[in-house]
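Each of the next two complexes has chain A plus one other chain: chain B in the first, chain C in the second.
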Partner chain A sequence: MASVPSKLYSDDVSLLVVLIDTNPFFWGGVNTTNASSSLSFSTFIAHVLSFINSILLLNQLSQVVVIATGVNSCNYIYDSSSQTVTENSENGIIPARSSQILRKLEEFVSADEQLSKDLSQARVFSLLSGSLSLALCYIQRVFRTGSLHPQPRILCLQGSPDGPEQYVAVMNAIFSAQRSMVPIDSCVIGSQHSAFLQQASYITAGVYLKPQHLDGLFQYLSTVFATDLLSRSVLELPKPAGVDFRASCFCHKKTIDMGYICSVCLSIFCKHHKKCSTCGSVFGEAHPEVTSTSDKKRKTPMA
Partner chain B sequence: MSNKYITSVEERRLNGEDREDEEDDDEGNEKGMEAWERAYADERSWESLQEDESGLLRPIDNSSLHHAQYRRRLRALSAASSTARIQKGLIRYLYIVIDFSRAAKEMDIRPSRGVVVAKHVEAFIREFFDQNPLSHIGLITLKDGIAQCLTDLGGSPDSHIKALMGKLEFSGDASLQNALDLVHGYLNQIPSYGHREVLILYSALSTCDPGDIMDTIQKCKKSKIRCSVVGLSAEMYICKHLCQETGGSYTVALDESHFKELVLEHAPPPPAIAEFAVSNLIKMGFPQRAAEGVISICACHKEAKVGGGYTCPRCKARVCELPTECQICGLTLVSSPHLARSYHHLFPITTFNEVASSSFNNPQHKLPKTCFGCQQTLPLPGKKPSLRVACPKCNQHFCLDCDIYIHESLHNCPGCESQNSKAVTEE
Partner chain C sequence: MASRQVVMRAKYKNSVRDPGIQGVLIMMEDKISFTPDDPTSSVRVNIEVKSIKSLKFSKEGSQRALLNLILDPDIKEGGCIFEFEKFSDRDVCRDFVSRVLAKLQALQSSVKDSKTVSERPVDEQLSTAEMRHRMKLLQENIELQKLHKQFVISGVLTEAEFWATRKELLAVHASKTPKQRVGFKSAMIADVRPLTDGRSNLVTFNLTPEIIHQIFAEKPAVHKAYLSFVPRKMSEMDFWKKYCRAEYLHKTKNAVAAAAEAADDEELAVFLKHDEILASEARRKLRRVDPTLDMEADQGDDYMHLPDHGIFRDGSKETIDTEYDEYKRTLAQNLNRHAAVVLEGRALDVELGDTQTVAEALFRYKQSELATETSDENSTQERLERLSRMTEIEDLQDSHNLPFAPLCIKDPREYFDSQQANAVKALGDTEIGTKPVNCVLSTQQAYGSLKIIISEIKENGFSYPIVKPDVALKVLNGLTQHLSSTKHHLGKSPQDTVLDRLPQRTREELLHHWACIQELLKHFWSSYPITTKSLHTKVSRVKDALSEIYPKLQGIKESAQSDFRHQVSLLVQPMLQALDAAFAHYDAEMQKRPGKSAERPNGYA
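And now, the complex of A and B:
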């Protein structure tokens, strides 16, 4: 941050934090199971690299930070504000930057894989809550530099399905982003929609998109997600095709659309329990819809 | 109302001489002061100064204040986590009683007590619904010796704020007893799992009651209504007695910023006392939001609407707004993010420890050079107290700024979220 304090930031200068899903279970399986819209990890990275390079070419003051979302760890891969030495290499800036990102990414993926070998059971879910938390910490650091800073936003490139046990952590991160007015854009490259990212983009006023044709990923990235926050007010960006507001139950980490709420702590359960596992309250006999009887009279005039 | 009598008032000086004088002969003061004198008296510019060690006057240092506030909250946090699984009363039914008697015209806080109170009640209502989803607020005003219900209990912040801002007129006396009687009548009807609370914002120094207020206080105590008062003038015995009897808190504001702080203290859910509410499991649905541009007929207004709207998961009826109750099948419908806003109360993250300087010399430990959260370079150990903290669970190191952000806003440890041991142990 120290390298750019004196530069004047206009309102179209962006700080883009890109979260890349490196889940080997997703990238390993995508070619075999879903041949029609397949995208290999290397083609995916090629699209993303072109996108990152084009962002930095659009405006010299713009800044890009890349964070990898693994299955056992998350880490910073690239920060355009701290790269000064490598950019003087003989091949020019762009190839040097690309090879640097590729090298760091490779290191990260093999380290992440090493961790899953150590553990008894590997998980299929990527640690979205971790990389979102890192991105928000980084953005807070940019806010601390004073009133002049690039406009931050987060772009999640997510392929693997949501990890229901991350529900509370992901929601915490979303609310913190909303409070700091940081939009979370989501580009879902997996086969199914992500309820986490639908909510994240809806709550933080970001863009949610699940591209139809993955071989044109760069096109989607550059036309939708390259737009800075100022231009968004005048552009017709994709509108969400509905938002999945389902929650995860605390007892089985299952995604549910109907459930029981503890009146003391608001924990969500998928079925009736005798005792709340979060706060320890003991429940009386089941009053499935106790509010509907006594509240009806007062609620109607409000509606 | 013929048999009025004024309850005895015990005053205590709180803020030195100036406040006292203004209460006593306010009329005389206003006439006796020149315009330029009034400007100083109104602005209270001396309050934003403090004396440094050599006796010079300096503006109050806000950064040290901020850090002290953080430390205080951190201590409260660690106290809460040590008594694990604290119960919080998260479904609250709160009446805010606002004193709009002639005392609210006082201008010791500019532009007047009443206007300042209304301004901070607005902020409070928003904060309250942020922290207490599914809770309800009602507004009551005190004016001309009577208590009047301004808004019924409801969950929409905007309707309360709109009603309040349209009613900023101050006159007559305030009556605590009338307010408590009115609130008692309303709060007696609410479901048993709800927490009954009253927050009284009291400007006056007396209460003008039609009967024995002590009976009313006992009635509230019996109905388990927790009454709290934030005073704007001096401490009053009757308020203190009311709060003591019903388990509420009584505070008196010194100035506007202090008042704001005192009011906002009532926004986080109070620790639930087991006997105060019966715990229950309530069945609820989490509807999906329909795509923009889809036309459908809603069940609540019976009109065709374009876009937005939510679908009841049980009967698939369309409703316009959340939270609500499905008009067709009666299921309570809430938006799950609304609930999730309070989950950080349930799973507070542990306090980070300062990294002891002894561990710096340990050759086995390779110290991280940067903050795990924001990548800022961490200073190496000096003689000063440690400038880095570590999470006791994941052992990652963080800078102090990240420490504050993580505990005050994010409520996630980036280190713990970036490792998988948690998920594996659950298997």
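And now, the complex of A and C:
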């Protein structure tokens, strides 16, 4: 269905980009451990699809885009604006939209598997940076269609843990979202909190939530994450207690209040180094007295 | 608001027993004067408020309502005693004097202190203007005044140290230009119309020194003619007569007549013809215009095509005769020239009046201006360079890329690790988020199971209901509870802060302490590394002041009501942490110090 030319976008029309974590290692692990608090992929998909349907029912102009976050790739799974609902559902059991999403999801998982053949086994982190970038690209395109567009936001449904090597890419995506005023909501369905998403939601003024009762995921999604940006100003949403932005040094991983920072790559060190271990920049000697070896020798027995 | 002046009937006495002289007492903020009723009386009292040392007064209910101003003994021994008719009158005066005195003392103490301080270090010789500016800043900013009073006057920080961190405040003042100069009037002198009396053919022009100055500035040819003709060739009167004659001819728009007259009188011709100097000046200016600016681009401006810019003119008189062209002046030319002169401003500081001096001064000024202009001969070169730079064809140029070293980050995981630990800790979760997921599964198994699940869903559909009612209720209750508890802790709306809900006194104390701590810590940390003796004493002074605040903070924490105790302690916590960090650093440095000074026996500390 092509978009209606005379769309009247009011403040409460949303463009929701949902990022679904399809890390097979995470979902497989969930299935085998079979812990009471964990969520099976089928339940997860059922809840998310119902949620997407409810978003589209809330306002007929609202738009939903689904992006799958795989281990080796990311891709768009569904876009409600370019949807063609001519065919009926395959077997009458599943509604057309859901079956379309499921089919695409299956294709995506197969494609993702193909890519993993020639990759090492150790990489089990989902490509959050990739899917965030896809989401932001989509939103940028919407922004450029003109002054009238739905209010965009991103919802991250993340189960697998953060991939530390994606740090730079993820932070860049987060700051880009902040710049274009796109809130990133995060719903952590894994067993651990996500530092990435916590920061993402904090920086972009989104909602960060780690549901306690995962079998009631749909309720969380519809109560908290269905709220459009206009209603957020009048509704009370879960607030984080605050993010601890104190850093720990790269060399000993201890939390510090004062330290040395590389002026090139912003690495943090608790003491003066001759060379930055992260980017290799060579530091000049600012205070020969402070860094003299005699000082350090005397300092060590005291500490 | 308190009144700035108090007028009261009173008796002036030299001593308590003196019967006194009846009169009027006028109290103002800077002085107090007493005028006796009897104009013949020689008693006149004028007291500067700053000479008052203190004041005494009789108790209410005693025999007389007295007010005794004890003055500086250098000015007058004893004091001035005033007796009032009523105690209420006395009290009004007493309150006024004490208020004025308090104000003065507050000012003086800060000045005095800063003066005594500024005498200590040699480099701190402040001008009175600077001093006054600092005092003004203190008066305008109560917060600053509080800090100043607390630290500078108590000796924790010196005046210089205090202001060193606020250079920007002082600098703002310095950049203010003091005086505005009066420029030329923007009204055109063309408006100085010739006056005709209507009966005779006499035409009167009225020239004032101001107008003459303006004529010289606007018409360099007239200026030049004046310098060369007056007084050698003709008198000033004759000169201006000729000038007015020329102006009159211009006014009548009679180019033919003007040409005829100019042919007869070569001096008159100077005024009638186009101003050569102006033209050359314009050409010179034109040469300095940015060569990349396309001046012809706005020639199509419609406004320009209208004759005389829409101002009505009798077209019949306009002859299109090139022969007389040079005797015509358009309104646009006059207007532009006038605008240029007004914008240039008045550069002369000569007293207007004597035409000769004005003319000469203007001449000197023009000369010096010309000299500076010709001195930058290399501007032509620069102009040419600029031209070639602007007209170069991009495709034919080398790439202008600056040399750069690509940023190569060895391991971005380090960044993650440096933040992750704290971020997760804040959520009360000890589990580290990077714990690898179940790797027991092979890639094939993992993907296989995922695909099986998807195809199962496709076959069997979803299990209904999607969410069980009891679970949904549990979730809803949980969320509501969570929300109401955070609301309680963090306040109703994100706009109002915790501070707003604290009692006024506690709030102000907290803010004040925080300001103090910030000020002191700024000085504390900026003193490191300690390289001089004075820095060493400064650090210990600041540290002592900091340690005085510590128990005060504890006091606030303990004295807070139970409702607010939690919030207050949350607010106080970062302050205490900041103090602790400073103390720890201080102690660590102190422990290092003895060894160091032993190593360097020549007092390098």
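Quick note on the criterion: the second predicted complex is superposed on the first by the 229 of 303 C-alpha atoms of A that agree within 3 Å, B and C clash if a C-alpha of one lies under 4 Å from a C-alpha of the other, contacts with A are read in each partner's own complex, and residues count from 1 in each chain.
Methods note: a residue touches a chain if its C-beta (ideal position, glycine included) is under 8 Å from a C-beta of that chain, and two chains touch if they have at least 3 such contacts.
Note that the coordinates shown come from a computational prediction; the quantities given were computed from them, not determined experimentally.
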{"item": "Which superposed partner A:D215 touches (first chain B, second chain C, both, neither)", "value": "second"}
{"item": "Partner chain(s) touched by A:N172 [first = chain B, second = chain C, both, neither]", "value": "first"}
{"item": "Partner chain in contact with A:S131 - chain B first, chain C second, else both or neither", "value": "first"}
{"item": "First (chain B), second (chain C), both or neither touched by A:V224", "value": "second"}
{"item": "Partner chain in contact with A:Y76 - chain B first, chain C second, else both or neither", "value": "first"}
{"item": "Which superposed partner A:P161 touches (first chain B, second chain C, both, neither)", "value": "second"}
{"item": "Contacts of A:H193 with chain B and chain C, given as first, second, both or neither", "value": "second"}
{"item": "Which of chain B and chain C A:L105 touches, first, second, both or neither", "value": "second"}
{"item": "Partner chain(s) touched by A:H273 [first = chain B, second = chain C, both, neither]", "value": "first"}
{"item": "Interface residues of chain A shared between complexes with chain B and chain C", "value": "116, 121, 165-168, 171, 199, 239-247, 257-258, 264-265, 267-268, 278-280, 287, 289-290, 294-295, 298-299, 302"}
{"item": "Residue ranges of chain A touching chain C (in the complex, touch as defined)", "value": "22-29, 31-33, 40-42, 45-47, 49-50, 90-91, 93-94, 98-99, 102-103, 105-106, 109-110, 112-113, 116-117, 121-122, 124, 160-162, 164-168, 171, 191-195, 198-199, 210-213, 215-220, 223-224, 236-250, 253, 255, 257-258, 264-265, 267-268, 277-280, 287, 289-290, 294-295, 298-299, 302"}
{"item": "Contact footprint of chain A on chain B as seen in their complex", "value": "85-91, 133-134, 152-156, 159, 189-191, 193-194, 272, 277-293, 300, 310, 313-314, 324-325, 330-332, 334-337, 339-347, 371-376, 401-402, 405-406, 409-414, 417-424, 426-427"}
{"item": "In the complex, chain C residues that touch chain A", "value": "407-427, 429, 431-447, 449-451, 453-463, 466-468, 471-472, 474-476, 478-479, 482-483, 486-487, 490, 529, 531, 581, 588, 591-592, 595, 599"}
{"item": "Of chain A, residues touching chain B in the complex", "value": "71-76, 79, 115-116, 119-121, 123, 125, 127, 129-131, 133-134, 136-138, 140-141, 144, 163, 165-169, 171-176, 179-180, 199, 202-203, 239-247, 256-269, 272-273, 276, 278-284, 286-292, 294-296, 298-299, 301-303"}
